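Two complexes are shown next, each including chain A; its partner changes from chain B in the first to chain C in the second.
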Partner chain A sequence: MLHTQAVFSLIIINKAGGLIYQREFQAGLRKLSTNDYLVLAGTFHGVHAITRSITPKIPLAPTTNSPAASPGTSTPAASSYSYPNPGASVSGLDYLESDKFRLTCFQTLTGTKFLLFTDPMTGNVETIINKIYDLYADYVMKNPFYQLEMPVRCEAFDRHLGAWLRGRT
Partner chain B sequence: MTVYSFYIFDRHAECIYKRRWLPRPTSIVGKSGQTPGAAPVGLGQTVKAGDDDAKLVFGTVFSLRNMVRKLGGEEDNFVSFNTSQYKLHYYETPTNIKFVMLTDLKSPSMRIALQQIHINLFVEYVVKNPLSPVEHPGGIGVNNELFEESLEQFVQTRVLA
Partner chain C sequence: MAAPPRHSSMMATNAGAPQSGANDRQQVTQQSLTPQPTQGLRVPSNRKTIYDRHLNRSRNAESSRASFAYLFGEMVTYAQRRVTGIQDLEKRLNEQGYPLGLRLLDLLFYRSTSTSSSALSSSSTSSSPPNRPLRIITLLHLIHGPLWRLLFQRSADALEHSVSPDTPNEYMITDNDPLVNTYISVPREMSMLNCAAFVAGIIEGVCDGCGFEAKVSAHNQPTEMWPSRTVFLVRFGDSVMEREKVLERNGVK
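== the complex of A and B ==
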């Protein structure tokens, strides 16, 4: 395949599950209607919450000295289970793989979600998504005319985003 | 590699088989208090919990599968997703039976494994069983000894590998 570094599209979802930004960079995925993108954003928002709640819980062996049970972990000492990977906080879907694309989700501390659709072979998606977050912080959040949680219509953001992604490939 | 749970859903969105494996309690930083007498919850112990996580799992894979089909086209397949805590593997047969497995993050792709479970275990011991009904409402016909035993063995070999 020629475009092994392909970045197909970007979607930004606000903390309420509303679609606030959608842009296609390279062809590769099917085109959806605006309504379908809104539905997709809402669905993903819900699914993301569910994937967090179905995290397997590992029961802890009944120990006599419960205070020593979990120092340093986020689980309270009274609970009788821990999570598989106690080093990391419990998150929802991080990335999804299909035959044709890879969907990487990055959630900011304030609950905004960045969804990046890339080719399954694309490496360093983490770097790309962090750069996009940087650009979002610089050109959307610092735009005095931008209203929080509302659709992103910032020309400077579009321009810099496009330029950076073109320069990368 | 650790396998946490395994689900089969039929084409009517019903969970026809569900099994959970409890891994050994994780080693905790100051685990000096671990009494040797207390039997650890061993791998392979089935949990007969009536909670509805199967429904949540179904809702998740159903939505994600539809999303993947919408964006990637009809011939695209949803394979797996990762969170910070676990990995979910998905395989759907042409007859719309869905196999779902939750494992730890270190596990390789389980697509072939789920395919093997379908071909070598499900078809052999459930579909070809003359006493088993065509559909499996409430899991009738799936929870037979032969299928459960061989699934157990299959997962054990994967875990040890």
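== the complex of A and C ==
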């Protein structure tokens, strides 16, 4: 079977851009120092914010705009531009792909980011990330000993995450 | 059929409402409730409050596991304030469970009498045998089975008597995966702590309520398969052990 289901590693970044969780699931990955991981998390946080703010807006069609804009009221230029899909919030960087790995970023509504490094051939990354979010909500957020925005040291989370990923492959 | 306590009678605003038939009353309460929605307890539109429900109705009365987890998490956080150590924290959790055990005991007896003797209405006094446990083993079986099922919907996993001759008053109840600890990871520096001390408090309340003076504590005994396996150590007092000997001699079951 060429179809590999490899998940390389997981990083969780809190809403301030700090690294709160980092774990590798595959042996033989190049080791980074803790400091490098912190820098990586902070850098990604910044890049993500930039990609969100440079999301292009497209001009609204002039036919819808001209009847409303009577000669007397000059509409501000900014309002005639809008995001392609106004209903959806601007997500910023969603995934980043190279020929050796794929980095998927999932941002929760509260601003926590889950970065999952997988093999580019891995399918259903969405499902994996949703399950990880599930486990995070259960075993981290319901743990009375976990302090918000601080590094995750929850033994039950580690255990269930490992068991679930092992069970998948 | 004994009418459950009506919720309307507990509300001061309804004191002036005319006493009328059930259909009428429903209208009256609805009218009197609408102008002041902020006062008193919140009443669901179908008036099925927890006081209106029959005590014996245990089906579909489960509460959500997630909301319990959040509530219990807050209880642990609350108990953690200004504690001096792990033992102090466990003592506080124990004290939170104790009154619950005393009250659960009544509910447990009420439910077990009315389900075991279905002919309650035909012969009200003679059909229900006194089911208060008199011997230690009956009490422990009550905790291991019915109490555990009432709380967690399954029996406990093991019930043992201490093998050491020095401590004949010690009994162990084992739960392989306590519900209260499902989402809790205790930090390494507090590894002695077991939040199931709350359940130990409930057991202690049940024992005391039955007249068995006891001290109950929760201990971690993880195995490879069950990482959050917990043993509840029940230590009965001397008076209980003396009475137990007398009862055994007299052949009381």
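By our rule, the second predicted complex is superposed on the first by the 142 of 169 C-alpha atoms of A that agree within 3 Å, B and C clash if a C-alpha of one lies under 4 Å from a C-alpha of the other, contacts with A are read in each partner's own complex, and residues count from 1 in each chain.
Methods note: a contact is a pair of C-beta atoms (placed from the backbone, for glycine too) under 8 Å apart; a residue touches a chain by one contact, two chains touch by 3 or more.
Quick caveat, the model's predicted, so the values are computed rather than measured.
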First, second, both or neither for A:52, with chain B first and chain C second: first
Touched partner set for A:159, first chain B, second chain C, both or neither: second
First (chain B), second (chain C), both or neither touched by A:167: neither
Touching partner for A:88 - first (chain B), second (chain C), both, neither: first
Contacts of A:101 with chain B and chain C, given as first, second, both or neither: first
Which partner, chain B or chain C, touches more chain A residues: B
First (chain B), second (chain C), both or neither touched by A:43: first
Touching both chain B and chain C, residues of chain A: none
Complex interface listing, chain A residues touching chain B: 29-30, 32, 36, 40, 43-44, 46-47, 50-56, 58-65, 68-73, 82-86, 88-101, 117
Chain B - residues contacting chain A, complex: 2, 4-5, 20, 22-23, 25-26, 28-35, 38, 40-41, 53, 56-57, 59-60, 63-64, 67-68, 70-73, 75-86, 88, 102, 104-105
Complex contact set, residues of chain C against chain A: 66, 69-70, 72-74, 76-77, 80, 182-188, 190, 195, 227-228
Residue ranges of chain A touching chain C (in the complex, touch as defined): 138-139, 142-146, 153-157, 159
